[in-house]
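Next, two complexes with chain A in common: one pairs it with chain B, the other with chain C.
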Partner chain A sequence: MNTPIMLLKVRHAGSVGVIVISGEVTAAAERELMEAFAQACEGPSVHILLNFEKLHFINSSGIGLLVTLLIRARRQQVRLMACGLSQHYRQIFELTRLNEAIAVFNTEMDALAALHLSAA
Partner chain B sequence: MATLQPIHEPKMQTLCELEVPSQPGNELVAARAVLQVLKPYDLQQETQERMLTAIAEATMNAMEHGNLFCAEDPVLIEVQMSATHVVVRVKDHGNIEKIEAAEPPDIEAKLAGRQSPRGWGMFLIRHMADEIVSYMEGDRHITKLVWKCESRQFDEGYGKEPE
Partner chain C sequence: MPWQRFIYRRHNSMADPQLHHAESGWAAPVERLQVDWVPAGAVILNVDGRALTGPLRGFGQLWRKTYRVYTGEFEPREVMRAWRENFEAFWPRGNRFYAPVEGISPGSVAVLNLGQARQGLPLISTGVFVIYADDESFTFITPQGHMFAGMITFSAFVENEVSVAQVQAFLRASDPIYELGLRLRVGHIAEDRFWHTMLRNLASHFHQHWPVEQRVVCLDPSVQWREARNVWLNAAIRTALYSAAAPARWAARRLR
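Presenting the complex of A and B:
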């Protein structure tokens, strides 16, 4: 069996937990993604930003994992955001209507700036 | 009086036939192998990305629902090209009715718990390919994916009527 390659890094920027996703998001990524989400929700985080700048591939199972994250985020009253999507994956977010539930920004800086503006 | 001209469909040239064991992870290996075969034809980046997604999904469906992840029962992939189209056939031992019966995904139903979070495969294939046809040929279930494309690198004389 080929092991899909995915790396996750979690950091906090004020009230935002940032998950940087690198590589391939498939069914094999479930445990790591859920753990990263739990880690990102620790502390004062009320927003979770998924940074897809280093994403190589996401398949239908990966889309399913994002829906699962969204359900968990809503239960925990945490708002999910995304940035760094390529044009192709931005289109997939629109087709699946994930973009209606997850606010999409071009860059991490744009996402954080939007939060600061809304807090001001 | 107008004369009806015969329509000549461009002949398809077979570029390769691949065989991949039905094991998770191989869907992306297969899709990347197909794109590697098509690399000399310099297809648009956007078309290549749509192809990668659709071929990987169709191969995953074939491995999972068609061949039930039986590694000894490989998925066969045939790649053909003409001056105007790329056709990829993904072949497995599945049941056409079972695959066609899948409920279309709805994000609101999924968020409300009325549908599983999964089940986006066929939806993605339908949106990423220009045409999709599913049919049986003997004991094989075939998913035929078609993309319109223009490749300056493709031998334009192939399949055309001589002038």
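Presenting the complex of A and C:
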């Protein structure tokens, strides 16, 4: 049986492309995640916010995908941010050092507010 | 603004949502590694007290290296069980992997003695930390001083109705010396040969004799100069110094 395990939604909020990630992030999600990233980078986006509020699970291959995404973002001079991570996955970000390269916020509003403050 | 939706579905038998419950499989965070067990015969250097690195740290270019081999019609979980239980036996000769009693499990620290002649000291003593393990995969992350700052995932899955075992590494050379080795191709050749041998040994365990496929992508061609100081913790240099001081240690023991 083919079970849907991840749903990605992309929208734009000013200069921020928001990717809302629901379900599970594993190696099988690579193509869809990269397509969503490309979609989020369209238009004036110079920041991409990964919203993990509806995340169910990331395995280590999923972390590898985020590393790939991060490098791609850097090459396009796009800043990657994250929000909505549970305490557990914040620790995983720390363990894998992703938190040193991806700014982590509690909520989407916090992330957008921080961007507006830095732009002001 | 309308939402753009991307949905993907699982297409292989490795999918079992029941096993993928949140927060499973990951190691608890650690500040620094600690080897609280003493494997017989191991030279334990460059592990205790070392912080973890990962592919975002390290000096050199960032590579994604994927090696895979067909393992016939065996269930991925069966392949992973055998891989985990015989991990060291599948390694190329002359290299030792000392895992703790609990084996390859989240949070465990393994000691590596690489390039070790019989009864001799290793060329490199370092370690790895198991950050993730489940029935379908396990992942190591390297500590400071290791040749690579990176993450290596070992997994098995079904593709086109055939079981595949895969090693996927995200890695950078830890410091300029290791990077030089990679730029001269020596490091890449050694690395590729290592994983080819391991996957061939794994496949042979299942009486399969397929060639190992390899895909290498340079994700980031730039170097991170701020990490050049990692050379201070270079495990190869420190192991060489330890080996060079062996006669002095022997003499000191005799005089005691």
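Simple rule for what comes next: the second predicted complex is superposed on the first by the 116 of 120 C-alpha atoms of A that agree within 3 Å, B and C clash if a C-alpha of one lies under 4 Å from a C-alpha of the other, contacts with A are read in each partner's own complex, and residues count from 1 in each chain.
To be clear about the criterion, contacts are C-beta pairs under 8 Å (C-beta built on N, C-alpha and C of every residue); 3 or more make two chains touch, one makes a residue touch a chain.
As the structure is a prediction and not an experimental result, all values here were calculated from the model.
With both complexes brought onto chain A, simultaneous placement of chain B and chain C is prevented by a clash.
After overlaying the two complexes on the shared chain, residue contacts for A:Leu49 are found with neither chain B nor chain C. Ranking chain B and chain C by residues of chain A touched puts C first. Residue contacts after overlaying the shared chain place A:His88 against chain B and chain C alike.
Once the two complexes are overlaid on the shared chain, A:Arg97 sits against chain B and chain C alike. When both complexes are overlaid on chain A, the residue A:Leu70 reaches chain B and chain C alike. In the superposition on chain A, A:Glu32 makes contact with chain C only, while chain B stays out of contact range. Once the two complexes are laid over each other on the shared chain, residue contacts for A:Val78 go to neither chain B nor chain C. Judged by the touch definition given at the top, the superposed model places A:Ser60 against both chain B and chain C. Clashing C-alpha atoms with chain B appear in a single stretch of chain C, chosen from 2-10, 38-46, 110-118 or 128-136: 128-136.
Of the residues of chain A, those at positions 2-4, 24, 27-28, 57, 59-61, 63-64, 67-68, 70-71, 74, 86, 88, 92, 95-98, 100-101 touch chain B in one of the two structures and chain C in the other. Interface residues of chain B, counted against chain A in their complex, comprise 23-29, 46, 49-50, 52-53, 56-57, 60, 105, 107, 110-111, 113, 116-121, 123-124, 127.
Across the interface of their complex, chain B is touched by residues 1-4, 24, 26-28, 57, 59-61, 63-65, 67-68, 70-71, 74, 86-88, 92, 95-98, 100-101 of chain A. The touching residues of chain A, when paired with chain C in their complex, are 2-12, 24, 27-29, 31-33, 35-36, 39, 56-57, 59-61, 63-64, 67-68, 70-71, 74-75, 86, 88, 91-92, 94-98, 100-101.
Of all residues in chain C, only 1, 3-11, 15, 17, 20-30, 52-57, 62, 64, 131-132, 134, 137-139, 141, 151, 153, 155, 168, 170, 219-220 touch chain A in the complex they form.
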